[in-house]
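For reference, chains read A, B, C, D, E, F, G, H, I, J, K and L in written order, and residue numbers begin at 1 within each chain.
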Amino acid sequence: MVVSAKSQNKTPKPFIRIIHGPNLNLLGQREPETYGYQTLDEVNHLLTMRGETLGLTVAFFQSNHEGELIDAIQQSIQDTEGLIINPAGLTHTSVALGDAMAVYPHPSVEVHLSNIYAREVFRHHSYVSSHVTGVLCGLGAQGYSMALNFLAEKI
Amino acid sequence: MVVSAKSQNKTPKPFIRIIHGPNLNLLGQREPETYGYQTLDEVNHLLTMRGETLGLTVAFFQSNHEGELIDAIQQSIQDTEGLIINPAGLTHTSVALGDAMAVYPHPSVEVHLSNIYAREVFRHHSYVSSHVTGVLCGLGAQGYSMALNFLAEKI
Amino acid sequence: MVVSAKSQNKTPKPFIRIIHGPNLNLLGQREPETYGYQTLDEVNHLLTMRGETLGLTVAFFQSNHEGELIDAIQQSIQDTEGLIINPAGLTHTSVALGDAMAVYPHPSVEVHLSNIYAREVFRHHSYVSSHVTGVLCGLGAQGYSMALNFLAEKI
Amino acid sequence: MVVSAKSQNKTPKPFIRIIHGPNLNLLGQREPETYGYQTLDEVNHLLTMRGETLGLTVAFFQSNHEGELIDAIQQSIQDTEGLIINPAGLTHTSVALGDAMAVYPHPSVEVHLSNIYAREVFRHHSYVSSHVTGVLCGLGAQGYSMALNFLAEKI
Amino acid sequence: MVVSAKSQNKTPKPFIRIIHGPNLNLLGQREPETYGYQTLDEVNHLLTMRGETLGLTVAFFQSNHEGELIDAIQQSIQDTEGLIINPAGLTHTSVALGDAMAVYPHPSVEVHLSNIYAREVFRHHSYVSSHVTGVLCGLGAQGYSMALNFLAEKI
Amino acid sequence: MVVSAKSQNKTPKPFIRIIHGPNLNLLGQREPETYGYQTLDEVNHLLTMRGETLGLTVAFFQSNHEGELIDAIQQSIQDTEGLIINPAGLTHTSVALGDAMAVYPHPSVEVHLSNIYAREVFRHHSYVSSHVTGVLCGLGAQGYSMALNFLAEKI
Amino acid sequence: MVVSAKSQNKTPKPFIRIIHGPNLNLLGQREPETYGYQTLDEVNHLLTMRGETLGLTVAFFQSNHEGELIDAIQQSIQDTEGLIINPAGLTHTSVALGDAMAVYPHPSVEVHLSNIYAREVFRHHSYVSSHVTGVLCGLGAQGYSMALNFLAEKI
Amino acid sequence: MVVSAKSQNKTPKPFIRIIHGPNLNLLGQREPETYGYQTLDEVNHLLTMRGETLGLTVAFFQSNHEGELIDAIQQSIQDTEGLIINPAGLTHTSVALGDAMAVYPHPSVEVHLSNIYAREVFRHHSYVSSHVTGVLCGLGAQGYSMALNFLAEKI
Amino acid sequence: MVVSAKSQNKTPKPFIRIIHGPNLNLLGQREPETYGYQTLDEVNHLLTMRGETLGLTVAFFQSNHEGELIDAIQQSIQDTEGLIINPAGLTHTSVALGDAMAVYPHPSVEVHLSNIYAREVFRHHSYVSSHVTGVLCGLGAQGYSMALNFLAEKI
Amino acid sequence: MVVSAKSQNKTPKPFIRIIHGPNLNLLGQREPETYGYQTLDEVNHLLTMRGETLGLTVAFFQSNHEGELIDAIQQSIQDTEGLIINPAGLTHTSVALGDAMAVYPHPSVEVHLSNIYAREVFRHHSYVSSHVTGVLCGLGAQGYSMALNFLAEKI
Amino acid sequence: MVVSAKSQNKTPKPFIRIIHGPNLNLLGQREPETYGYQTLDEVNHLLTMRGETLGLTVAFFQSNHEGELIDAIQQSIQDTEGLIINPAGLTHTSVALGDAMAVYPHPSVEVHLSNIYAREVFRHHSYVSSHVTGVLCGLGAQGYSMALNFLAEKI
Amino acid sequence: MVVSAKSQNKTPKPFIRIIHGPNLNLLGQREPETYGYQTLDEVNHLLTMRGETLGLTVAFFQSNHEGELIDAIQQSIQDTEGLIINPAGLTHTSVALGDAMAVYPHPSVEVHLSNIYAREVFRHHSYVSSHVTGVLCGLGAQGYSMALNFLAEKI
């Protein structure tokens, strides 16, 4: 279930959603030498605190379902002022995800934990990249934090 | 939820389902100069009336989820005599959707609102086209109406 | 010889030309299970009547010559308000035909009798599609009739 | 809903899950000359009995939803000692499914009912194959049974 | 102008047409070390005599116009029992020519004077080859004569 | 009809033919911001005068028919000492046109009004370029004039 | 030398031949972590015993020579009721081997010891796969045993 | 064993060798609707007689071994004045066979029984074609006979 | 001239070099709507100040010469603890630049001002990306600042 | 060293720079049958005189260094009103050179001495062509002179 | 027959085998301007003498049969300390030959007489190169001699 | 600076230049397990001595700048009788370097320290190879020494 801004975002602080794609719920467990040893909850907790420092309310959504991720992007059109998305494996195969991002009207950043350009060739193309403001990859969980900084300055 | 013919189709009129793929729920909002200014509800309403004129009962289904669209096709095998599908972004990436259509035994039409051949190269290939009776594109929402006409004559 | 609107179109009804490409003069004779059992004359006769119903004057032109088809498109720039074209085998090989269509200023529809996406790969690309309003394929001779409907509404 | 090992697997017998991808719920109905005349329930019943003979508890999961299949693989990391997967149409398009399998730590087998190498070219590539122990195809429903034998010996 | 069988073929001898494509009218003049020193008239004269020996009436048609060549193939459907075609440069670019040959119901042979497989890569593919009975290349003008022999035995 | 040098070229001045391919008869009318605002007659008039200055007799030929263009090239082998050709859309698709140029024994220049390398990818390849002395593109109608200069110096 | 069924197969038990391709005689010696530590003789011995259990007579043939492997397939048309083949490196390069298998009239299985889909790209295509009943790979020497089971049930 | 001209060719008649590639020993048995119902011995017998009529001594060689076919070509350099070769499946994969033909100094013809251009794409390329005088395909066993005629005239 | 750390870096603060590739000296002048209105000097000034805040000494180097950029990378191996590089147009064509980065032993970040994935296809591949720690693009001059933050945390 | 307009261009005549790429300093020495027998100095001398006739001051720059050529283009943005460039071997490999030309605000012409379309395939693509006004090739050193004429008329 | 080290190599000198692939037995006869005028026996004689100088026993093997070459490599695993191989035409087509070399445990060199990179494109790829220590090409028969020197130093 | 033969080569001994491309100045430091532990100076020292033994004067040049390498090749046309070049990363991307080598009139050898065919695919193509006498790779620094031997014999 995508947590909507309406129920959560009582304060007038700008609302940002961070969307995690398939298999990112396994963070800390999946090839930790590549993806890091922190769990997704730990990462999200640090990002919530980072958001507070920056004066942002940050919500999170993770799903292994392409459709739910599209739903979450569509809801974000309504209730957010900035979006961070790590589409994971769907990055390279989902035109529909890219189509959804094409409608998103605010600044957005695509984040990849690993350096996808140092991996298999099929990971070098993204259907999402041409519909976001910018792309970060290979910086680990710190990439999310940097993307938050970027959005905080833009908004 | 896919509305089944059993609960809805009381009359002996032929039952047709129109399946809308990802992001089509944003119709009227998403790049209106490309996709038109009517909302999906307005389009569906006009198609319901057009169906009545043609003696057809028309049901609708929209989802951003590939799996729900496959479910809807499979149900249509049971309860419809004709199918119209706009697979949107999944057109170009979903073998599974094409496999589902390959089982559908009645006349079917693939519809695209925009002229996909005048857009990006990756939109020129469809995994669905070889499993439908015919394809219409670039005719806007009128394409659905024309597909209904076609099915009315075929059935 | 392309029959011009000047000599034929006495009435103020909108003038539409339907252009049939190479080998379509063999209709009814060539692989009828694919292309149907009606001859081109029979198809044209039905389309003339359909045009009358819609308040359109419809002219026809068939040629096996790329150059004559280009001539016909160029004349249509002068004397028509809508164009339907089935470029047949030239669809996939004629840049010049596409260039001619690029100049055509009114609504236009590309029609294919068979579902070209269910045939050889080289039939999946069209040099014409990106220069027409819309494309219909796989609907048999009914496709022409549906294209007439579309033009009638547009004009 | 993926039936978990916790509620089902009371005995200390090794737990195996067989995951069926999109459209496999139509087994017996979809092109039976290609896929066989048995329904999925009949196939699963035979595999349950085969599992008992081999001293294995076998659970089944079928879905048309990529996300649910990923969920099922992730749960299998927790509660199984072997996995059999027929990703069907998603075989050729889902990087995310392959990413989920890459985390699976026990022996696994990819099974295809038909000989995918004797079919369309786009069915010759699998995003899953490089993340399983072995691949079987073209052996019909017997392929599942053989995969069970293989896992029984490995465990 | 394609000379029709009706006016010419008074005798009950089988009627064969040999169709020469673009630039073959320059025979004897164009790169003679590749195409030979005989003119097209000389070649045709020898083939007429060869036809008489074999009990065949042979007609000839040469054009630089794709459309006229298609017309000639279509007429041959009516008035011949065998066809020999050298599509020259159109071999590699004309789907429409191949479509016309696909309708031809009698034995047919595609002839090339030079060994097209020892020339540029774009000459290695033919849109016509898959619609004829057989192909001969690299045998010079003698290739036509051999094709006549073949047709004489087939008819 | 190709105007032959015999009837026209009374003087001993060198005879040059400029051949315009498909759709160039629409010059001034077709996308004038790309192709310029002069009509083909105006361009030809200026080139005739330019020819007179350079001591050349200049003839013109335009056709939308590939076959007629090949005929014109073949006639030019007989009656000209230099050739300028703008094959337009046929540039990229006609092996037969290139074959005809391969026989032409005098200096020749391929001219394109627009910079074809700044347009669609399929316009980047020419079947003609490898059979002419040189190529000019993107210089508008002035390109013809420059080609005349070049031929005047060469002859 | 291919051992023929005539001299060996005294009993009325079904006769099966297992054909091993190039370099498989090095089994146990060549990259044992990939191909296993058993020698080919040891593997064959176990398969003979497995065959006895299944009521099958099993013969073996190994060669590094494409031609001898084709000879063995051709002989198997005469004297066997089932065939197992591991074409090794020839899998990816030998059309002739595939052509021979295309004539084989009984059930057949292609076996690969390693998971070829997890190796170099050129190992992902097989000229043989489209001419066998099924394919197994990545299951080590057990794959042969499983193929025997499959043939035992089929015959 | 390649039968050499020395032991066989007592007479001063020109010596021709016909080389048949892999699986052609199955002629009459392998897909007869494609390759014909005559056995290779029957075909060879007719060609011997045809050779006598033409004043040629004809020897034959068939092998499933690439190496033996290369040996036979190399011997033919010594003892023949013309060569006919049907490389069958090796046509498309053997650079070494093409290299051997490149050394052959006399007229030679490549023959294919079926129309390889109407079959799988990988059969459209030949490593041999660019090293022979000419190519014939799709004419059945009569192709060999026509090739003999051609060589008789050339020698 | 690359300014070396020895002469400049008196303090024990970590030394970072930011390398700007070809045409970046035109910043503020070149397509400012894409690259921003700040000049390179202004950007560098802000980054120096940002470095001071982070406790880093930052040096800059810009060149239009591939060789000088490689020299600068090699010097950075000696005198820096972190590297930021925007290879500009060389990103997509220089293997040598990538080879130099492969030797660099400290954390490094590739930065692009514009979102290269939303531009021409040839800008989607980088020879450098697989040899850096991470990649940032589309964030304008702020990307450099974010990369500094990242390096400050890493060192 | 690029000679700047400031020191040289005393007169108010328009200033044009002609930039010669790698290996053009070998003119007259490198494959003269392809590139001509004049040295670069001789060519430049003739162009200086041609410039005087046209009322233009012409400067020249040659370098084998990509970086120096980019520097020269950047300087030309400041001090010229027209640019002629022959990027030679860098034409096909230098994105950075094309990026520099993209900033150049005045008319520009790309010149190649040889007909690059009649040479190796990798010479058929240019990273520069889409950023210049027009392209000339195959006209030898006269191409530069014609480009000067063109610029003289444009300015 | 591969001459084994056991029967020949009486002395304790290191044993090296040089393997010549298809058509190399024609050396001196096949395109001598490309491959040189020495026969294979003459080349081998010189290499034997060179080996003696270097303190190596050198054996030779030539075959036109892929299988025999694989046999020879396998035997060399047993009886040699270094291997030189010129796979000739099989270089580009034989995965099985590369697989055999992958097992060879000692230093090895791939030699080509001609510069294969200056020839047809299909000669630019080798299935063997990635499994040898080094590659030499274009140095004629001297390449073998240089490879011997290399092995002498390595062993 | 390229050291010219004039100042250095006092003796009448043949003069050879060895040109090292980008990053080779890092030899001994860059991935020593791939490129060896000797520095470039050490390698050059050994080659100088080897040259003396062979009666050759050997000069060296290393640069990271494509332009300087082209300059060095051009100077070598004047002052050397043989050339050895290791273009390193520029091997695969520099048409200009290949163009320079195409002018070099004496024997030349391309050397690579590592076996580039066992590395990334983009390292398998060389723009230089088709313009040198021969190529050596994978033999480490000894490859230079072998190339010197080859040149000594050729000169």
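The rule is short, and it goes like this: a contact is a pair of C-beta atoms (placed from the backbone, for glycine too) under 8 Å apart; a residue touches a chain by one contact, two chains touch by 3 or more.
Model, not experiment: these values are computed from the prediction.
Separation of subunit J from subunit K in touch steps, taking the shortest path, is 2. Separation of subunit D from subunit E in touch steps, taking the shortest path, is 3. Comparing J-L with the candidates I-L, D-G or E-H, the pair whose contacts agree for more than half of the residue-numbered pairs is I-L. Subunit C maps onto subunit L through a rotation of 180 degrees [Cα fit, steps of 5, range 0 to 180]. Centre-to-centre, using mean CA coordinates, subunit D is 50 Å away from subunit H.
Centroid to centroid, with C-alpha atoms defining each point, subunit G and subunit H lie 31 Å apart. Look at where the CA atoms of subunit D average out and do the same for subunit J: the two points lie 64 Å apart.
Per-chain CA centroids place subunit C at a distance of 57 Å from subunit G. Among the residues of subunit J, those touching two or more other chains are numbered 65-68, 93.
The complete set of chain-chain contacts reads A-B, A-D, A-I, B-C, B-D, C-E, C-F, D-G, E-F, E-H, F-J, G-H, G-K, H-K, I-J, I-L, J-L, K-L. Against subunit A, the residues of subunit B that register as touching in their complex are 21-23, 25-26, 29-31, 63-68, 88-93, 122-123. Listed in rising order, the residues of subunit G touching subunit D in the complex are 109, 115, 117-118, 124-126, 129-139, 142-143, 146, 149-150, 153. Interface of subunit L with subunit J (complex): residues 65-68, 70-71, 74, 93-100, 102-103, 127.
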